[in-house]
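Same chain, two partners: chain A is paired with chain B first, then with chain C.
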Partner chain A sequence: MNGSFDAIVVGSGITGGWAAKELTEKGLKVLMIERGRMIEHGSGYTTETLAPWQLPFRGKGDAQLYERDYAIQRKNRAFDEWTQAHFVNDREHPYQTTADEPFQWRRGYHLGGRSLMWGRQTYRWSDLDFEANKRDGHGVDWPIRYADIARWYDYVEEFIGVSGSKEGLAQLPDGQFQPPMALNAVELALKAKIESQYHDRSLIIGRCANLTQAKPGRAPCQYRSICARGCSYGAYFSTQSSTLPAARATGNLTLLTDSLVERVNYDPQTRRATGVRVLDVKSRTYSQYAARVVFMCASTIDSVAILQRSASEEFPNGLANSSGALGRYLMDHANALSAVAVIPGFTDRTYFGNRPTGIVIPRFRNVQHRDGDLLRGYSYQGGAYRAGWPRGTRQAGIGKDLKSDLRKPGAWEFILTTFAECLPRAENRVTLDEQARDPHGLPQTRIEFRHGDNERKLLADAQVEAKAMLSLLGAHVVAESSTPGLGGTSIHEMGGARMGLDPRSSVLNRHNQAHDIPNLFVTDGACMASSACQNPSLTYMALTARAADYAVTQIKAGQV
Partner chain B sequence: MQRREFLRRVSMACALAVAYRDGQAWAMDPGRGPIGASPGQSAALTEAQMSLVSALAEGILPATDTPGAIDAGVPSFIGLLFSEWFTPQEQLDFQRGLEQIDEQSRSLQRSTFVACPAQQQFAMLEQWDREAAVARQAHAAPTFFGRFKSLAVLAYYTSEVAQNEELKLQFGAGQDTPEGPVVMPPPFPI
Partner chain C sequence: MNRRRLLTSGAVAAGAVLVPSALWWAVRQEQRGSVETHPTLLDVLCDLVIPATGTPGALEVGVPAFVQLAIDHGLASAHAPDLQLVAADLDRRSGARFMSSTGARQHEVLAAVDAAAYQQRPPNDIAAAWLRIKQLILLGYYTSEVGATQELRYELVPGRFDSDIALGQDDRAWASDWVAVT
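Right after this comes the complex of A and B.
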């Protein structure tokens, strides 16, 4: 045994950081284990302020390297020569998937995980979402309702800092917001048109975890929108900027990096998790760590895979998997670029800086009344912008006239993308492939995922409605689609160890506690029983803080 | 989803989502093949080819009251992309494209492009730019000149000279407004 702690937190991303903060602040001695390398806040953001000409390929990156090592990650919008070190090397981290619809698993293995390069969109779920499974019978009923999580949303928002506007929408509850970022002239114009044309629709600024007011140790957003490089201002929420400093300040945190949790150890006599077995990926040596409670926060798919690797005689199909639900009901929002349109006019209006958020048109389908045969709903994210110099790569003109034109902002364009709710289906699942091994000798993860008919219907409806709304500004649509992106491209993986009321059909109870093992908690996206159509990270954070609070009360009561 | 549709979507997202990154479709094509010079293939452009690259780039983005393509180092960056970025097939296509430029120049002006007077060069560039626009409109394969121009624009506007002297009035895309700071396209969030 290499060490004993009150709690072990597996993973250091959005939920791992929160678990570490909450558990250490409540007095527990915590070991947080990260499989990737150390990245310190500020000094670790080595490309943050580099100009394009200071990079070998002006931001485009080394094509040979990308072809060989980043075949999946490079398709991510946030991936470029500045941010490539925040994404995994695909060659070194292989996984299996289906040939016809290959799942796009986008990952960052380093301290902070995807909290370093997340999209920062921060939305509450409502009872429209928590009651959805029960209402239409897809998936199992959530064991919680909005009232159970509302105060934890408050708590998390207050700490991380969320800029946004209060709107009074039942389907997108307001929170503890800092002042919102501004809509631009074209967005304001479309907002006015939509809200006068449709009684049930609105256009609002994207609520995001970028500060508009300083917090201790963190400066407001600088409107650079280069967040994924890491922000030395600490202006957006990440483990490094927010939860890690809080956890470290307690003196109760031990942090291990470059340490891969191979399995969770289990004692069949006590029916408790006893700790974890860890591979030091540099020295290739194994260690054992013990704790009274284990929090799985390794990301949706990796937490599931670790539990599957932890199979034993008592749990031959994966730890805490008496239900058989472990690995199943994987979800990811169905996304589409519903419409892109050129907006006439407004040529005397523009803007300064790069706002790190867009607009949102909240869900309106199946909110106030039932909409035909559509189940659940979708919402749009997008924004209006004036094209910059890159339009010169595809517009006519040469010589001094081209230069002169590119000095000015181009025409306004409006983009509307859609996130549609993904229904939980048993066949979308994560398993281990014993025949294919990773460089550590561990079985590779296999991901099978396909969107279904309802997701396609939602995106088809979203395409029609996007065009109808943009037409209110006399827009000329230049691109449109209702074809869902491959699974994984929304980077909103959810499910695999879902919460539920019934131990026979779910892995976790209402406190994110394994039905089978009372000192094992899973609080990352794996716990989700449905997907809603909002970005899920805020809900993961609130559930983690809530579960940590429960776990500590159980420890103090001698229950775990 | 069909792979072609997926690639189209990725390309579109790249092109539309982030103004800076939409660069040029050639270099951004996520379906590009393996890189590396094959046996017998030149790993660098010849001096003569570099002269033609320079003349084309300067014609597209000339020195005016601000520096032009040559002052901004556009030819050398295109040379770097040729050597270290292009696939062997892209290298062949690029070299063939340069040859065609001179073939057309000889046909139209009885001289290589580099040897033509500036006025004749400009007339040919205008014609090739029109042809590139027609191909774009028809959603046909981009012409060599269209691709070259994309590279030149990318190389110029990402250079220190151009960002400091040509784009000095721009941060992002525009100037201040009463609406305050704004606008990036929608996150495809993590």
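Right after this comes the complex of A and C.
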């Protein structure tokens, strides 16, 4: 045994950081284990201030290298020459998927995980979402309702800092917001048109975890919008900027990096998790760590894979998997670039600075009444901007005239992308492929995922409605789609260890506690029983804080 | 008059129209203090797409070397045969060696290649090859320090967001508006 703690937190991303913060602040001695390298706040953001001309490939990166080593990650919008070190090397981190619809697993293995590169969009769920499975029978009923999580949303928002506007929308509850960022001229114009044309639709500023007011140790947003490089101002929520300093300040945190949790150890006598077996990926040596309670926060797919690797005689199909649900009901929002349009006029208006959020048109389908045979809903994100120099590649012209044209901002363009709710389906799943091994000798993760008819119907509807709304500004649509991006491309993968009331059909109870093992908690995206259409990270954080509170209460009561 | 002013003055621009490109080239290299006298096709293409005006053009800021690096590493899906395809098309349209033509003729021929590339739906091989090279020339120029800070404007730390302001007649675009330039 290499060490004994009150709690072990597996993973250091958005939920791992929260688990570490909450558990250490409540007095527990916590070991947080990160499989990737250390990235210190500030000093670790090595490309943050570099200009394009200071990079060999001007920010675009070495396409040859990307083809070889980042074939999956390179397709991510946030992936570029500045941020490439925040994404895994795909060649070194292989996984299996299906040939016809290959799942796109976007990952960052380093301290802070994807909290460093996340999109920072921060939305509450409502009872429209928590009651959805029960209402239409897809998936198992959530064991919680909005009332169970509302105060944890408050708590998390207050700490991370969320800028946003209060709108009084039932389907997108207001929260503890800092002042909102502003809409630009074209966004304001479309907002006015939409809200006068449709009684049940609105256009609002994206709620985001970028500060508009300082917090202790964190400066407000500088409107660079280069967040994924890392922000030494600490202006957006990440493990590094927020939860890690809080956890460290308690003196109760031990942090391991370059340490891969191979399995969670289980004692069939006591029916409890006893700790973890850890591979030091640099020295290639194994260690054992013990704890009273284990929090799985390794990200949706990796938390599931670790539990599957922790199979034993007692749990031959994966730890805490008496239900058979472990690995199943994987979801990811169906996304499409519903419409891109050129907006006429407004040529004398512009903006200064780079706002790190866009607009949202909240869900309107199946909110106030049933909408035909569509189940659930979708919402749009996007925004308006003035086209920059790359438009020169899309228009004929060379020489002085071209140069003179590109010297000025181009026409206004409006983008509307859609996230549509993904229904939970048993066949969308994560398994281990014993035949294919990763460089550590561990079985590779196999991900099977396909979108279904309802997701396609939602995106088809979203395409039609996007064009209809943009036409209110006389827009000229230049691109449109309703074809869902491959699974994983929303980077909202969730499910695989779903919460539920019934131990026979779900892995976790209403406290994110394994039905089978009282001292094992899963609080990352794996716990989700449905997907809603909102960006999910805030809900993961609230569930993590809530579960940590429960776990400590149980420990103190001698129940765990 | 310093070299920069001379280079961007009307006299040289007029000369470019009148004399064979190789000769004009030698004049310009002389003005730049360079010993290089034989322009490459990439040199000429860069100069034609983004010429020197009130600010330096793509040639002066070293875009040819960047485009070559970009082709070697497959940026914008470009690859080595792209240049050969475009070169052959330019020669064919010139009715002679493109590189021996006058600057005015080169401009005329390249403008025709460029216009044709946008007519093709989807673009044929030659059109696609030219569009990739054009894309790399623009990338190389507007991400250069001169292109980003002299021709356009660049501000790493805006520090604020002005959501709705008037755009003045002479206001340049922002090379650091990451949404607009990505």
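Observations
The rule is simple: the second predicted complex is superposed on the first by the 560 of 560 C-alpha atoms of A that agree within 3 Å, B and C clash if a C-alpha of one lies under 4 Å from a C-alpha of the other, contacts with A are read in each partner's own complex, and residues count from 1 in each chain.
Keep this in mind: a residue touches a chain if its C-beta (ideal position, glycine included) is under 8 Å from a C-beta of that chain, and two chains touch if they have at least 3 such contacts.
What you see is a predicted model, and the numbers here were worked out from it, not measured in a lab.
Taken together in the superposed arrangement on chain A, chain B and chain C clash. Contact with both chain B and chain C is seen for A:386 once the two complexes are overlaid on the shared chain. Contact with neither chain B nor chain C is seen for A:229 once the two complexes are overlaid on the shared chain. By the touch criterion defined above, A:446 reaches neither chain B nor chain C. Shared-chain residue A:328: touches no atom of chain B or chain C.
In the superposition on chain A, A:21 makes contact with neither chain B nor chain C. In the overlay built on the shared chain, the residue A:498 is in contact with neither chain B nor chain C. With both structures placed on the common chain, the touch criterion links A:309 to neither chain B nor chain C.
In the superposition on chain A, contact is made by A:347 with chain C only, not with chain B. Contact with chain B, but none with chain C, is seen for A:535 once the two complexes are overlaid on the shared chain. Considering which of chain B and chain C touches more of chain A, the answer is B.
When both complexes are aligned on chain A by C-alpha atoms, chain A residues 51-53, 57-60, 62-64, 67, 181-185, 188, 223, 225, 349-355, 383, 385-390, 392-393, 396-400, 402-403, 406-407, 409-410 touch chain B in the first and chain C in the second. For chain C in complex with chain A, the touching residues are 48-51, 53, 57, 66, 69-70, 73-77, 107, 110-111, 114-115, 117-118, 131, 134-135, 138-140, 142-145, 148, 151-152, 154, 156-167, 171-182. On chain A, the positions that touch chain C within their shared complex are 49, 51-53, 56-60, 62-65, 67, 181-185, 188, 222-226, 347-355, 383, 385-390, 392-393, 395-400, 402-404, 406-410.
Listing the residues of chain B that touch chain A in their complex gives 1, 5-6, 9-10, 12-25, 27-28, 30, 32-36, 59-62, 64, 66, 77, 80-81, 84-86, 122, 125-126, 129-130, 132-133, 136, 149-150, 153-155, 157-160, 163, 166-167, 169-177, 179-190. Across the complex, chain A meets chain B through its residues 51-53, 57-60, 62-64, 67, 74-78, 80, 101, 106, 114, 117-121, 181-185, 188, 206, 223, 225, 335, 337, 340, 349-359, 381-394, 396-400, 402-403, 406-407, 409-410, 413, 415-417, 479, 481, 483-486, 489-492, 535.
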